[in-house]
Amino acid sequence: MFRYHKKIAVILMLALLLGSMLGTVGCGQKSVQKVLKIGVVGPESGGGAQLGQGQRKAIQMAVDEINANKGAGEWKLEVFFEDDEGNPTKSASATNKLLQQSQANVIIGAIHSSATLADMVVTSRAGIPQITAGSTGASITEQNNKWIFRTAVNDEFQANALVKYAKEVLGIKKMATFTAADDYGQSGAKLLAAAAQKYGVELVATPTYNNGDKDFKPQLLTIKEKGAQGIFMWGLYTEAALIAKQAQQLDVKAQLFGASGMAALKLIELGGDAVQGLILTQTFLPDSTDEKVKEFVQKYKSKYNENPIPHAAQAYDTVYIIAEAVKKANSNKPDALRDALTKTAGLKLVTGEPKFNEKGDDIGKRLLITTIKGDKFELVKAVMTNE
Amino acid sequence: MLVVEGIKASYGHTEVLHGVSFTAEEGKITTLIGANGAGKTTTLNCIAGVIKPQEGRILWKGQDITTLKPSQIVRMGISLIPEGRHVFPQMTVAENLEMGAYTRKDKEGVRRDLEWVLELFPVLKTRYKQLAGTMSGGEQQMLAVGRSLMANPELMLMDEPSMGLAPIIVQEVFKVIHQIKEMGKTILLVEQNATMALNHAHHAYVIELGKIVLSGSGRELLQNPEVEKAYLGL
Amino acid sequence: MTEVTNILEVRGVSKRFGGLQALDDITIGVKPQTVHGIIGPNGAGKTTLFNVITGLIQPDQGGLYLEGRRIDSLKPYQLVPRGVARTFQNIRLFKEMSVIENVLIGQHVHTPTPIFSIMINGKKSRYWEEVALQEAMDALRFVGLETKADEQVKNLSYGQQRLVEFARALAAKPKLILLDEPAAGMNPTEKANLLRLVSLLQEKGYTIVLIEHDMKLVMNICETISVLDHGKKIAEGRPEHIRKHPDVISAYLGKGDLVHAGS
Amino acid sequence: MQYFLNGLPIGAIYALVALSYSLIYAASGVLNWSQGDMVMLGAYLGFTLFQLLNLGFTPALFISMAFVACVGVLVQYFILRPLRERKAPPINVVIATLGVAIITRNIALVIWGPDAQIFSSPVSAKPITLGALSITPQDILIVTVGIGLMLVLQYFLKKTREGKALRAVAQDRYGAILMGIDTQRSDGVAFAASAALGAAAGILVAPIFFVTFNMGAGIGLKGFVAAVIGGLGYIPGAIAGGFFLGIVEAIAGGKISSGYRDAITFALLILVLWLKPSGLFLRKTRQKV
Amino acid sequence: MKGITKWRTYGILGVLLLLLFLVPQVVSNIYYLHIINLGGIYTLITIGLNLLSGYTGQVSMGQAGYFAVGTYVSSLLMMNLKFPFWAALLVAVVAAAICGLIIGIPAMKLSGPYLVLATVGFGEIVRLVLLNWTPVTKGAAGLTGIPLPEFMGMRISSEKDFFYLIFIVLLLGTYVAQRLAKSKIGRTFTAIREDELAAEAMGVPVNLYKISAFVISAVYAGVAGALFGSFAGVASPDNFTFDESVAFLSMSVIGGNRSIVGAVIGAFVLTFLSEALRVFQALRLVIYGGILIFTVIYMPKGLYGLVEQGQNWFSRQFLAGKKDYSS
């Protein structure tokens, strides 16, 4: 019995190892037709799975559409997905696999900034363009890396718009930041502090939390004691909803603000009446009257039977940007693709009219200041990021 | 009657019993004496089903119990009082006694036996609600015996009940053993305290290095110079 | 009459475990180059005494002296270099190791550990490893197990395992060897062999203290015997004296009707 | 004082999880790293029954406890029993239970998807204010049900036949075998009871934390910490450890540094272990169950 | 006999070396080389862990902590103070060793679950410090642009270069570990695992050895960390989570934690396995968990147990019972 099991285990392991390696070696060599291969890295399991899976769904949808409508001219898009579990080491391996095994011409990903940074080492060594639709960490476009593009929102602009609105429209004089202790939250905290100084709002408290934390009462109590009129959150919606709920429980009266990272209908669902009136910036409103948005949401809903998250909209747009680039460049060579990407212009997409600056940031995004009313986000004001 | 036929048992690679055979008659005290490491405890563990002998068989009232699980053996009326007592230290005396009757369903009988055990060991009655771990060694030994009696066994296996006890307590223990025998129970007693054991036993076996080397009535062995020699090296 | 200084002095040692007085004012002197037996019924406190002597247990009261120097605050590993080694009642060998490796651990304090040389397999490391191996082999040869050097100890018989433990203690090159029931589980031939080894050691100048249940063995090889019962020393003297001592007979054979005073 | 109150509900959750660790450890000496994922499983089942199938809170609680208890028994029977029979070293047991955790977590991801699920509380989350202090009925519910379950466990261990057998096995396995107690069965009972406690913790925590497939890792680790602070295997210690940890976290997070809160918790833990290796609340005599 | 053994050892070593230097020539696929390199780095950690957990019996679930210290210290020194790679590596190793010492001291009193939890706590503390000590560690964003190592004017930049760098270090590390394991030190570690009390009674300063084992394992993880920083080019607290420590422990146990070869097998097999399982997509972690469970139940000695069986079979077939007595 014992020996029998052992043998099976050994054979199984060897078979797994060999099979998968051989299997992947064989494919993807011949390209008779004009094919552009897109590799996608993102967390499909682990902490950020909701983002990774949303990204995957939207990208798959976009690729299917483009191929059906000949949206990339004579180029056919082929897409490969790899899961990085939100772990930078695994993300780099996954990117390597996409480049080597799947022969990807362009990489979309990752979502965790730490993972995106690790992937960038791989893509820049290989000289392959990489577009992240999810990472907002400031350092990503500060690397002097000519291969990186970002279609995620520009955090600096969000921070400025929020604080400006708080000061000028709501008359808030004392504010607190309450941010996640990850790269997203930390860069948010920095940008908010800068914006507070710029617009002359007093920053009274700057607590943080770790992702996955469940209890925010201690920090909220501190904020309450300091008498902040506005709490600016920078993090993901699960924590934001919990913060709102616990703030309500503790009878914290301050106005809540948030950024695009938490902008999902799930926030309203999870937060219930605690998030009513919360003001946040986002690039995408599912029930916007914008034609592009309506169309996207309707297609997404009918395909996946759920509302798209903003990451999904950004990822969806990213595929269209790539399709346009390959059509223009009429080549899947990295340099040509990269050049075409830098010249992206004239596209009207779900989240704006993309245009990259010299760092690779998309400065053509539409930014919406919204508030939560009932089970919906309501538009308060729209601004363009390149204004 | 308990019949043990040529059992062999090992721990890992070392065989400790090399074919042990003996019998214990009903209603009598049979004793197994021998030095440390001779295989006395292993023999008892084989009978109680805790260790499975590699060879040989064990019959109780004509039925083969060699392959039964310990819980089944307890249900057949065989109870082992282990060396070192093994009472449940964080349970009260009452709970310990209750655990003794774990396999029994006859509530009435259990209640009767409980009364009887408390009569037999007055000390347990006074310590009824005390945690067993806080009692002295002698009291714990009494508890171990009482707990075993709660299973209403017909055959009681006792592993060195006198170990580590003051002589006066040892006497007490043997008095109780005698009383139990008087109730018609069969007793298989393993002892290092040879004289004491032989004095009380109807029949005795001397075990040495996993083999029975001598047997006879208690009195016979008591007078056997071989036994004294084995013990005092005279 | 010249007074021989005792190699080991146990002076008024007491130890209590919770409610149990394990050792009660024990005083024992062990003369050099003798075989000293400690006997008594189970639970009399013999092993506790060994544990106190080897530093595993700190005594509540009293003092221990090795060659006139006080040792009772020393840790077990500090006692080995001073010449004390022991075996255990319930064999404590390193089960997953080979026989020779076990004996090499006994040799631990007698060779240096040149860590850098070990890392590069340098000359120094190889030299000392060779020395250690030779000495360990000598100890194994002494107990007659040199052919079993590469066996796993768990595959050895009970009696052989006792000998390995014995060899391990010898490899520590002690002046004083404490043997805790060295003959338990041995067959008559093995016992005879053990007897021979102990007297051989004594001739070589070692001092041996042993706990044993086999009376024949004890009476045969010990010059002095101390008898413990319930943590007290109830008798001490030459074997023929002990054999006749009424307290000893009553404690040992458990003649219940002879409840003596003081228990 | 408000910090103290804030620490109570999370403390009750930690206490339940700590109990589930201690119970298994006491009964079979196994350190079960999949305990946190039993919490997750309980929360998801509770969500499915209560939120999707509209069962009442109480039936949802009991059904999911029962179901997760079955999972616990299966884990014990198919994974830990063979390990025990083969006398596997403890480190192998650790890896095996970690394997169970990985499997459970990822099956949950496949079944329930990656999104956090909301579990609306059966009672209001509006705070009741008492002077300067405030507490929500939800918190009161958590603490009450939590303490209620601890009492049920205590009743089970002290008054029922199975429970007493479990304690007997925990205190002296050999002695218990000689009493005719089937240790295989009591191991199963321990796993079932402990998994059920975990599931209950999951359902209680769901309305305040949301349900995610990877919620088990964090809560499981905290429960383990609480169990060790209280003295692993000691039931009252686990409860005390849970509440202690909840309150310490509330204070450390509020008064010292929120980012370093967990670091403080762990540093405290290492300190406790160093000074008192058997836990803060374990008395000198070895107490079990 | 001795001489033959020696030559055989050298022979095997030589062939191994040759094979290793051929690897990048044969495996030109950068993805495979990347995985092999990663496996090499993980092997170093697992070797240290085997000396600690397998030989000495002190189970650690906090190796990611030392790994992190190695990476951060060396990377920061290279980035901020322009240390050359080797100097940075050296300082990083010393820093990791100090951490090993710090955790080894409370650990010497602990065993079983208590020790496990203390090590978990250490790993988490390190990660949280990296996350929150933003001015130095850059917080969650982590370090970017970690310089490539330079060696005698050669710049190590491609996967192939890294292969040679990592495997020279790994070869050295394996050799030293093998020496330690087969020497008095390894023997003493094993004795402590088997019976601490008996070892102490035979004159072994048990606490000293237990702490040394922690320090040695920290040194290995520190070296691995320093290599990793330059290899990955970026580092963030996400690289050093509890899950990583669990993965290291799994490598150690699956490979066979009572031998150095086992560490090598375990680290490579699990590194490859987690990549190979990608074909199963969503179910791959479920399968991974299943394989872990299956292995620890049915192969209690890990994969090295199979190697041993193979060796025994081999020696029975061809050496007809002749045993090599020199250990």
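Just so it is clear, A, B, C, D and E label the chains in written order, and each chain counts residues from 1 on its own.
Criterion: a contact is a pair of C-beta atoms (placed from the backbone, for glycine too) under 8 Å apart; a residue touches a chain by one contact, two chains touch by 3 or more.
This is a predicted model, so every value here is computed, not measured.
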item	value
Smallest count of steps, each to a touching chain, taking chain A to chain B	2
Co-neighbours of chain C and chain B - touch as defined	none
Relative to chain B, chain with the most remote C-alpha centre	A
Pair with more cross-chain C-beta pairs in contact, given A-D and B-D	A-D
Whole-Å gap between the CA centroids of chain D and chain E	33
Inter-chain centre distance, chain A versus chain C - centres from mean C-alpha coordinates, in Å	72
Chain centre separation (chain C, chain E; CA means) in Å	41
Averaged-CA centre spacing for the pair chain E and chain B, given as whole angstrom	53
Shared-contact residues (touching 2 or more other chains) in chain E	128, 131-132, 282, 285
Contacts with 2+ other chains: residues of chain D	106, 109, 259, 262
Pairwise chain contacts, counting only pairs that touch as defined	A-D, A-E, B-C, B-D, C-E, D-E
Parts of chain E lying in touch with chain A, wherever the complex brings them together	29-32, 34-35, 38, 128, 131-132, 134, 138-142, 144-145, 157-158, 232-239, 241, 243-244, 269, 272-279, 281-282, 284-285, 291, 294-295, 298-299, 306
Contact set on chain D toward chain B in their complex	161, 164-165, 167-168, 171-172, 174-182, 285-289
In the complex with chain C, residue positions of chain E that touch it	176, 179-180, 183-185, 187-188, 190-191, 193-195, 197-206, 258, 323, 325, 327
Complex contact set, residues of chain C against chain E	54, 56, 75-77, 79-81, 85-86, 88, 92-98, 100-102, 104-106, 108-109, 111, 113, 115, 118-121, 125, 128-129, 132, 149-150, 168-169, 172
Partner chain D, residues of chain B touching it in the complex	48, 50, 69-71, 73-75, 79-80, 82, 86-91, 95, 98-100, 102-103, 133, 147-148, 151
